[in-house]
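Dumping the structure here so I can ask a few things about it.
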Amino acid sequence: MKFAILVNEGPYTHQAVDTAYQFTKAALEKGHEIFRVFFYHDGVNNGTRLMVPPQDDRNIQKRWSELGEKHKLDLVVCIAAAQRRGLLDENEAKRQGKDGNNIAPGFRISGLGQLIEAGIQADRLVTFGD
Amino acid sequence: MLHTVNKTPYERNSFDSCLAHARKGDAVLLIEDGVYAAMKGTAPAKKLEQAAKAVAIYVLQPDVEARGIAGRIMDGVKLVDYAGFVDLAAEHPTVQAWL
Amino acid sequence: MSEEMEGGTVKKFLYVNRKAPYGTIYALESLEVVLIGAAFEQDVSLAFIDDGVYELMKGQNTKGIDMKNFSPTYRALEGYDVEKLYVEKESLDARGLAEADLIVPVKVISAREMTDLMAESEVVLSF
Amino acid sequence: MLHTVNKTPYERNSFDSCLAHARKGDAVLLIEDGVYAAMKGTAPAKKLEQAAKAVAIYVLQPDVEARGIAGRIMDGVKLVDYAGFVDLAAEHPTVQAWL
Amino acid sequence: MSEEMEGGTVKKFLYVNRKAPYGTIYALESLEVVLIGAAFEQDVSLAFIDDGVYELMKGQNTKGIDMKNFSPTYRALEGYDVEKLYVEKESLDARGLAEADLIVPVKVISAREMTDLMAESEVVLSF
Amino acid sequence: MKFAILVNEGPYTHQAVDTAYQFTKAALEKGHEIFRVFFYHDGVNNGTRLMVPPQDDRNIQKRWSELGEKHKLDLVVCIAAAQRRGLLDENEAKRQGKDGNNIAPGFRISGLGQLIEAGIQADRLVTFGD
């Protein structure tokens, strides 16, 4: 079955992110397809490569990036939500005249249409938020 | 439909609102801080007992264990792990998160 | 699902609004999804329950909080062919509100009817 | 003490918990989504009316106006702007935010 | 306040815990403030009300959610001279909990006593 | 009177941040002193210079930076909360082996002790959160 995942909250602050990750991992292990993971609202902050959690804690960004690489996941960060909150890739940084970017490997920035498309294409959309 | 609730019934109204909108044959899965609602002998558990006549009630076991309430979950509620959560989402045509 | 079918798929989308405006951004960012989603020609409904009914209050004036008043956008939805707005009567009643307090024409329905609307939807978006 | 509440009494329990812990002579200031609690003719307004016998109740006017409920605030509640919020915080020895 | 007085100021700090652990990070990050704050030799009390009482539950096992179990840290507070932990009886009762369910010795007090504790505090930190 | 301000939530997502700003501004206009503004939890994200809000919206970071410059405010971002969430200054980035930083002008990163000190030194600590 084809799942789409919507992540609405930021890393560490809300368990929503952890549950979304565990759900995604479990779905893959059961042989399901993950059509896309879409990061919206504060969820965009999952995609910053600048996070440095304590050494005895999980690294939420790395965990997504690694799961993404292993399973060729489409990890999409909403561009409008990301701009507001300061999550940029190289292109966006250039376009906005910013002197740096912070997106992590395996994430890409795109529009809200990607969320609607995920809702249409996937058999199930599962939302994790506050 | 599969409904998920992730907040305690004391802090927020999502638990009550979910139960008010669950239909015969639906399933309700309590996750994260939502699992406290299924603790034996509490007011929310009474509401769940009532709801369980029409709706299947599940709790996410890893969240139950994290919160130290394993063994205190009311009768009639089924424990599932993340794989079980995936199965529930697959079995029901839609999933609604009560955020 | 075949590629051919996917091209023409029309699904029943339901946007569930349960949160007051301004205190958090969810109502605004939900509306942004609705606007973008309108281009996809799906069967779209909006549900307003619990504190979500506050989003539609007439007479919002956000000058004092220096935030954008996005309530007029609900009136613009019709131009995007988003015309099915459902408001739960029980939620209005509990908050001392009536249909006349709302900025757009809506269909006021009971909690039971709202339950049916949810059950008939194929994609539920809640923020 | 000055108490602040910033969520609706329908969504969260912070309003009720605040009123349960406000003492004679305290002030309660409703801000952000908290201002809806002071709407005339509602159940939370009745609770405020009760509380107002011992506690002074204020609402933040910019938040009231933003939400389209100016003119529907119950009697006995005082409207303040951000400067008035500062005054209240200065007049009371401590400020407790009910988060 | 004179410089001299500032150096030796001892204030009554109250940390108000109203949120369940793990679902959000507030309980954990509040505890981190308490630990750092202990070095400042202030008069510190911790209040657990509403869902905050869940923070002290015995038998927490976070292996399945891959998060750190920070409940043992409440037991370590004594070593930091943080010894005044107050739990509200009404909050325990409403949640079907008793003092025996808690991981540390606490003082169980009524909502009225909690109100007095809050009123007597000089700095209230709530997250 | 000396105020200390505690900001617990991130920009745009929660009005807490806006109310904190309006309170701080009003206090300064009334002639009060702001001992410190401390950013904790997701509040650390107020201090990223990478945010690009829509043109018809307020720029929350700029607003803090400008108010800070005008009134010589001490805008302190909690280091532990910032590391988890990916808010770094140049020093921290170097120390953690990260290839970039995102802190905005006028903000500084420091420890939780700065919050306790603010509680001790200020006449009032006012908290804004979710």
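As written, the chain order gives the labels A, B, C, D, E and F, with residue 1 at the start of each chain.
Keep this in mind: a contact is a pair of C-beta atoms (placed from the backbone, for glycine too) under 8 Å apart; a residue touches a chain by one contact, two chains touch by 3 or more.
For clarity, every value in this text was computed on a predicted model and none was experimentally measured.
Traced through touching neighbours, the fewest hops from chain C to chain F number 1. Looking at which of D-F and A-E shares more C-beta pairs in contact, the answer is the pair D-F.
The greatest centre-to-centre distance from chain F, using averaged C-alpha positions, is reached by B. With centres taken as mean Cα positions, chain F sits 25 Å from chain E. The centroid of the Cα atoms in chain C and the matching centroid in chain D are 28 Å apart. Per-chain Cα centroids separate chain B from chain D by 33 Å. Residue positions 8, 12-13, 15, 22, 41, 57, 80, 125, 127, 129-130 of chain F each touch two or more of the other chains.
Each of the following residues of chain B touches two or more other chains: 6, 10-11, 13, 32-33, 62, 81, 94-95, 97, 99. Of all residues in chain C, those that touch two or more other chains are 22-26, 50, 65, 67, 123-124, 126-127. Here the chains touching each other pair up as A-B, A-C, A-E, A-F, B-C, B-D, B-E, C-D, C-F, D-E, D-F, E-F.
Residues 22-25, 65-68 of chain C are the ones that touch chain F when the two sit in their complex.
Touching chain A in their complex are the following residues of chain B: 6, 31-33, 60, 62, 81-83, 85-87, 89-90, 94-95, 97, 99.
By the touch criterion stated above, chain B contacts chain C in their complex at residues 1, 13-14, 17, 20-23, 26, 93-99. Across the interface of their complex, chain D is touched by residues 10-13 of chain B. Within the complex formed with chain F, the chain E residues making contact are 6, 9, 11, 13, 25-26, 29, 32-33, 36-37, 39-40, 42, 123-127.
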